[in-house]
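What follows is a pair of complexes built around subunit A, which joins subunit B in one and subunit C in the other.
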Partner chain A sequence: MNAPVKKNVVKEPSMLRQKEMIAQHFRDLARAKEQGKKVVYTFVPGNLTELMLSFDCLPLHPEINALQSGMRKLSGEYIAEAERAGHSEDVCTYVKCDIGMMLKGNIGPTGEKLPEPDLLLLSYTGCFTFMKWFELLRERYKCPTAMLHVPYQGEGHFTEEQVQYVVDQLRSEIIPKFEKVTGQAFDIDRLRDLLGNSARAEEDLVYVLESAKKRPSPIDAYFGGVYYIGPLFTAFRGTPAATEYYRMLREEVDARAAAGQGPITPDGLLDEERFRLVVEGPPNWTHFREFWKMFADEGAVVVASTYTKVGGTYDRGFRHNPERPLESLAEYCLGCYTNLNMPTRVDMLTNYVKDYEADGFLINSIKSCNSFSAGQLVMMRQVEKRTGKPGGFIETDLVDPRYFSASNVKNRLESFFQMLAQKGQEVPA
Partner chain B sequence: MTLAAGIDVGSAAVKAAVVRDEGNDPVMLGYETVRIRRRDLDEVVRAAYEGALARSGVSADDIAYVATTGEGEGVPFRTGHFYSMTTHARGGLYLQPGARAVLDVGALHGRVVRMDERGKVLGYRMTSQCASGSGQFLENIGRYLGVALEEIGELSQRADDPEACSSICAVLAETDVINMVSRGISTPNILKGIHLSMAGRLVKLLKSAGCEGTVLVTGGLAKDEGLLAAMAEIAVERGLALSIENHEHSILAGAIGAAIWGAFRHKKLAQRRALPV
Partner chain C sequence: MTTTETTPIEAWTRRVEDLVLDLDLSAVRAWKDAQPGRKAIGFLPTYVPRELIHAAGMLPVGVLGAGEELEIVRGDACFQSYICHLPRSVMELGLSGRLDVLDGMLFPSTCDVIRNLSGLWQLEFPDKFVRYVDVPQNFDPEVGGKFYERLLRELLGELCALSGKSPEEVDLAASVRIYNTNRARVSELYALRAEEPWRVPASEAYLALRAGMQLPPEEHTALLEEYLELARAAERPMQDNARVVIAGAFCEQPPLPLIRTLERAGCDLVDDDFMLVSRWLGPDVPETGDPLKALVDAYLAFGGEASCKYVPDGEDKGARLIASVREKHAEGVIFAAPSFCDPALLDRPMLQEALDEAGIAYTSFKYSENTGQLQPIREQAGTFADTIKLWGDQ
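Entry: the complex of A and B
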């Protein structure tokens, strides 16, 4: 009873470019030890990529490996392995997927063995689980660990003292540790160059994300958005390759917008934009395409999402600044989405609904992600009250396939779309 | 005058109704409900439709519009399909003009739809994923206890000391029930315990959707008087001004609503001279 599936899946050239960038990165990782490169494990929120690159280190993101394993249908097996090793069913499934992958030989998403870390770098930006995760990895790898403590934005904004507190840690803890691990001296001019590249890429990313204000939106800012943030949120921020990728992406999006086209979905160009949505929460990765199709089949386009801000809230105006290198790294970490308090998150969602002229907003509550899921029902009621737009609530998980119930999700999405569809409709007497 | 048929394809049964619309006062002429029971869905749909036509004393040629709802989008002879939220709201209003919300409790989900005096949907809430399948769960428990679905409501109302059970998870609740049976808890007390746990969640749903006044229960569990009594008890306990009611045709709300929407759509198409050929 579903609409017929369209043939000829279209992929954006930028998507292919990104795929090649990622493949090259994993090839570099696989050869890191023989080429004398140091490998730093770190997380996306609050990542200090430019600093790592200035020391010629190769970053590796355990949660990205986990989501890639989820998309490649490997996560179920890894999670089972971690649970056999004693990890509870309630633990974050990114963690269990990574631990399971490690226990099964640490073969990365591209089929090559991942190198062990020379340094574990934790920028603590609101997710307590990250800290416990690295404690487990430290136990396993017995390697040096560096922790940058980033104060939570409990008041909804950060202060000069907080920025200074983070900068002091960068100077006294993080940079000396990099110098010790790599044997290289810190080169602030190199860092400045990389930050300059970042700022250009960030400008283009924001341009692309804000293109969703057009009607029809030329992008899907959630399902497509997670691809668009890829280079900037992971190993490539600060590199010329990332800057070039975003220039290319911007041109692609501009071309679609000029032609009055919608986003590219798993089935090709979306024919008709029926609903404009704002989405809160990470996507499900194990059934990513199936999940996306549930939206695309109904003509639902996500025009703004919060998950695409976990690696930086650039649309709120932040840019890395070569003139203030350490300060801007500190401000970047402080402003990460997971480090924001609930009223700020409600403000962001409310503004997205208004600024992007959304018809409604949807929360995808993740079973095993406390950082995102805590308080989401309250957030939904607040946003509904402030915007007057209907909210929907579905439940899935990051990479545990056991928690994705397609019929339940579809059932709830259908009700949500029904609610949106009947707005403004004439009713029979 | 327009004759329209509504067909509501649910997960457990197909309901069909025929409505005569003469302007502002639609009237249901006849209906049919056929349980699916793993039979070919096309045959069940056809049986429900033909049953409703026969009981209405009309033929298929008299029907100007066949409207489907629920999972009926694939019915080959449909004229158009309508979302179940709007059809339940309109059908609920037909059955109980004072209702300002319908609580659709079926095999797959519990959902409350809040509406205005014209049946226009104002908002909705659904049970969380873990409380899905309430109807199916109750049927399973009935089977386990050796009680027919129709007997559950009456037995539940005979309880004198209901035994609490998990309200979060059907699997946990089934374990509770097995334990209760082995402890010698009476069937009425077990059933009432289950009804109270389900009712607790449904009343919470009504409250969170902002419902007040009359609520009409639709869907497969609308006939379960035990569930309704448990909901009424809990609403009183929580001080909510709710009158939770059912109707002898509650289960037909979706089909009736679809037929009314179908007649309306037919008139609109006729006005625009855009009727399907």
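Entry: the complex of A and C
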């Protein structure tokens, strides 16, 4: 059965605002060299955006390049290029997509060449592949590299020693490298201001994500969620523009909730919420809309997802804190989702299923990503056992179109939704 | 009819092979049974400071997977097909009770798979002692060094709490000495291999090293000494094989038949990265001063390269591998990496580029610990060996 979706496609003002922010950022990047701005390549998890901005640097995220290439259907070609250049078919396709793009001239989403980095800021949070990725980029760009090693939360919490270690690295390695590359002195007050802005935006993001506890949920916390996290997870955290964006988004979500409306999907407003789901794992980008539609057509709304926590677990209470600038950056890095151990990840999923009154949960297992994927089958059994809710399992990839089989995914999803429908009709014992 | 007598070295090989392939860890059980209250701690590749386990009075046991020996059922239900083989066989060993003899497990920070496996172990074996053991990727003594020191002190405390040994009784300096001796014998083995490879076939060297994953270090040192003596005395014809270095096999292990296949294909393995834990710090961890600090300093100073270790200066990438080729007078490198091993496979193009610049020949293949199809590898390695023998000087 297909849930009716209104066909008048709505673009919310916040969406348009975000689009404009991104476009402006890429325009700035294109002019960075002529304007004497330093460009810093860095990763989403454990990003130090406020610190970069306090040095007037422009961040550029290779993962975002890769996902945009995926959405623009260019990733297949880039991956093939990287494999021709000797990269194994087995490894993370984000890396290969980025390298392929670089080999093909590094043309960004606006059609302009992306600037080369003045600094590679290797924040090593939640994934070992990051380290190899920037070793590979360093070979090509021969530019300074600053490594921030963020220890893993193996015991399910971070320790004072770990925070201290990260802060020590910020002081002795990261900040001096920024000072050297930019020629500017570190300005802690500027950093504090930016962190204050971040905290306000984070508050609003959490408000938006938690609005999914309502019935119907006014948001989709996975497919829609990836847009909502955009500014905070990338180049804009700490900027007034991001703070404004989140205020705007919050108002829109409030308005939808007040009107009893569901989320906006690519086909318009979703009228009927048939299933409430929790999703673990990143989405597929090469067929993003098609994938989303498979859910929306069935009236399946994602009410909570873990992917929207890769760049910060704000819903667990973390906020950047201007009073403790470096410590709070350290705690932020330590707390990103894939830096949490598996029992904590299972706890989070279990709590999401309960707190968001989900009918079931789904794992989208990504071939590329050992960091997310290794162990998800065990996670699924654990969450099923603890919540009593059915779990579904599908396999796709982030940006490698060879690993997205629409028919397979659709079949699996349909069986999963059928199971949920049957469960929904069961009278509780 | 002729009878072939078993030579001492053949007898040694059989004995050690039985030990190494024994998935029930009988040697570990025997060690524990010999004295009530003894405990053993498992660890995964690549590196953990075994001295701490030893000093706490327990037996460090390397858990390196199950090779081709075990049918994997439950392990496959834990990992998708695109994840390397090691975690599934380790899980199978655990869920089938073969690792019950271990009182705890240490999971070093080698890669995302082992990292996640540490959490799965906590979920599947909630009563066991499980620790993820981080190592610093920042090598400044005041930063990474301090962090590592605090981490090791805490780990030592936890290990002592588990073994019941009071911290006053701990003689970490003695453990450092014992492992220094062990590492010195390992170095001797590698030196002999490089000098007279025909005396030390790769498979025997591998077994000699692998035995150390189950035996107490003192016994392992004795076993290495026994082997060195036998190898030096054995009458073995000098062979004109290709001298190669193996790179990429630092975690999931190639099955023994694969190593024998390389030998038969005409390759003398004069260096490798198998079981790096045996060689990580080198034999010269200072034996004076604070032993824990000495372990920290030795870790920071260790110049070895492994895919799980950050290379701070891009100019140094591949330098260790090239140095090994030069020092061991190798003629080429075989990149042998486990399928789906991101760290090894992502490193490979960088190392290959470094070798290209240095004019060193290489060939590459993937394996898994249960690879059964060895013929293609034999052909590839044979062709490589022939090529470098024929054209090496040019």
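Please note the rule applied: the second predicted complex is superposed on the first by the 416 of 429 C-alpha atoms of A that agree within 3 Å, B and C clash if a C-alpha of one lies under 4 Å from a C-alpha of the other, contacts with A are read in each partner's own complex, and residues count from 1 in each chain.
The rule is short, and it goes like this: contacts are C-beta pairs under 8 Å (C-beta built on N, C-alpha and C of every residue); 3 or more make two chains touch, one makes a residue touch a chain.
All values reported here derive from a predicted model rather than from experimental measurement.
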item	value
First, second, both or neither for A:422, with subunit B first and subunit C second	first
Subunit B or subunit C, by number of subunit A residues touched	C
Partner chain in contact with A:185 - subunit B first, subunit C second, else both or neither	neither
Touched partner set for A:258, first subunit B, second subunit C, both or neither	neither
Subunit B versus subunit C as contact partner of A:395, first or second or both or neither	both
First (subunit B), second (subunit C), both or neither touched by A:149	second
First, second, both or neither for A:412, with subunit B first and subunit C second	first
Footprint overlap on subunit A, where subunit B in one structure and subunit C in the other make contact	395
List of subunit A residues in touch with subunit C within their complex	85-88, 90-92, 95, 124, 127-129, 131-133, 135-136, 138-139, 142, 145, 147, 149, 151-152, 154-155, 161-162, 164-165, 168-169, 172-173, 341-346, 365, 367, 370-371, 373-378, 382, 395
Subunit A - residues contacting subunit B, complex	1, 390, 393-395, 405, 407-408, 411-412, 414-415, 417-419, 421-422, 425, 427-429
Partner subunit A, residues of subunit C touching it in the complex	77-80, 82-83, 87, 107, 109, 111-113, 115-120, 122-124, 131-134, 136-138, 140, 142-144, 146-147, 150-151, 154, 307-308, 310-312, 314, 317, 339-343, 345-350, 352-353, 366
Contact footprint of subunit A on subunit B as seen in their complex	23-24, 26, 71, 73-74, 83-86, 90, 108-109, 111, 118-121, 123-124, 126, 128-129, 132, 260-261, 263-264
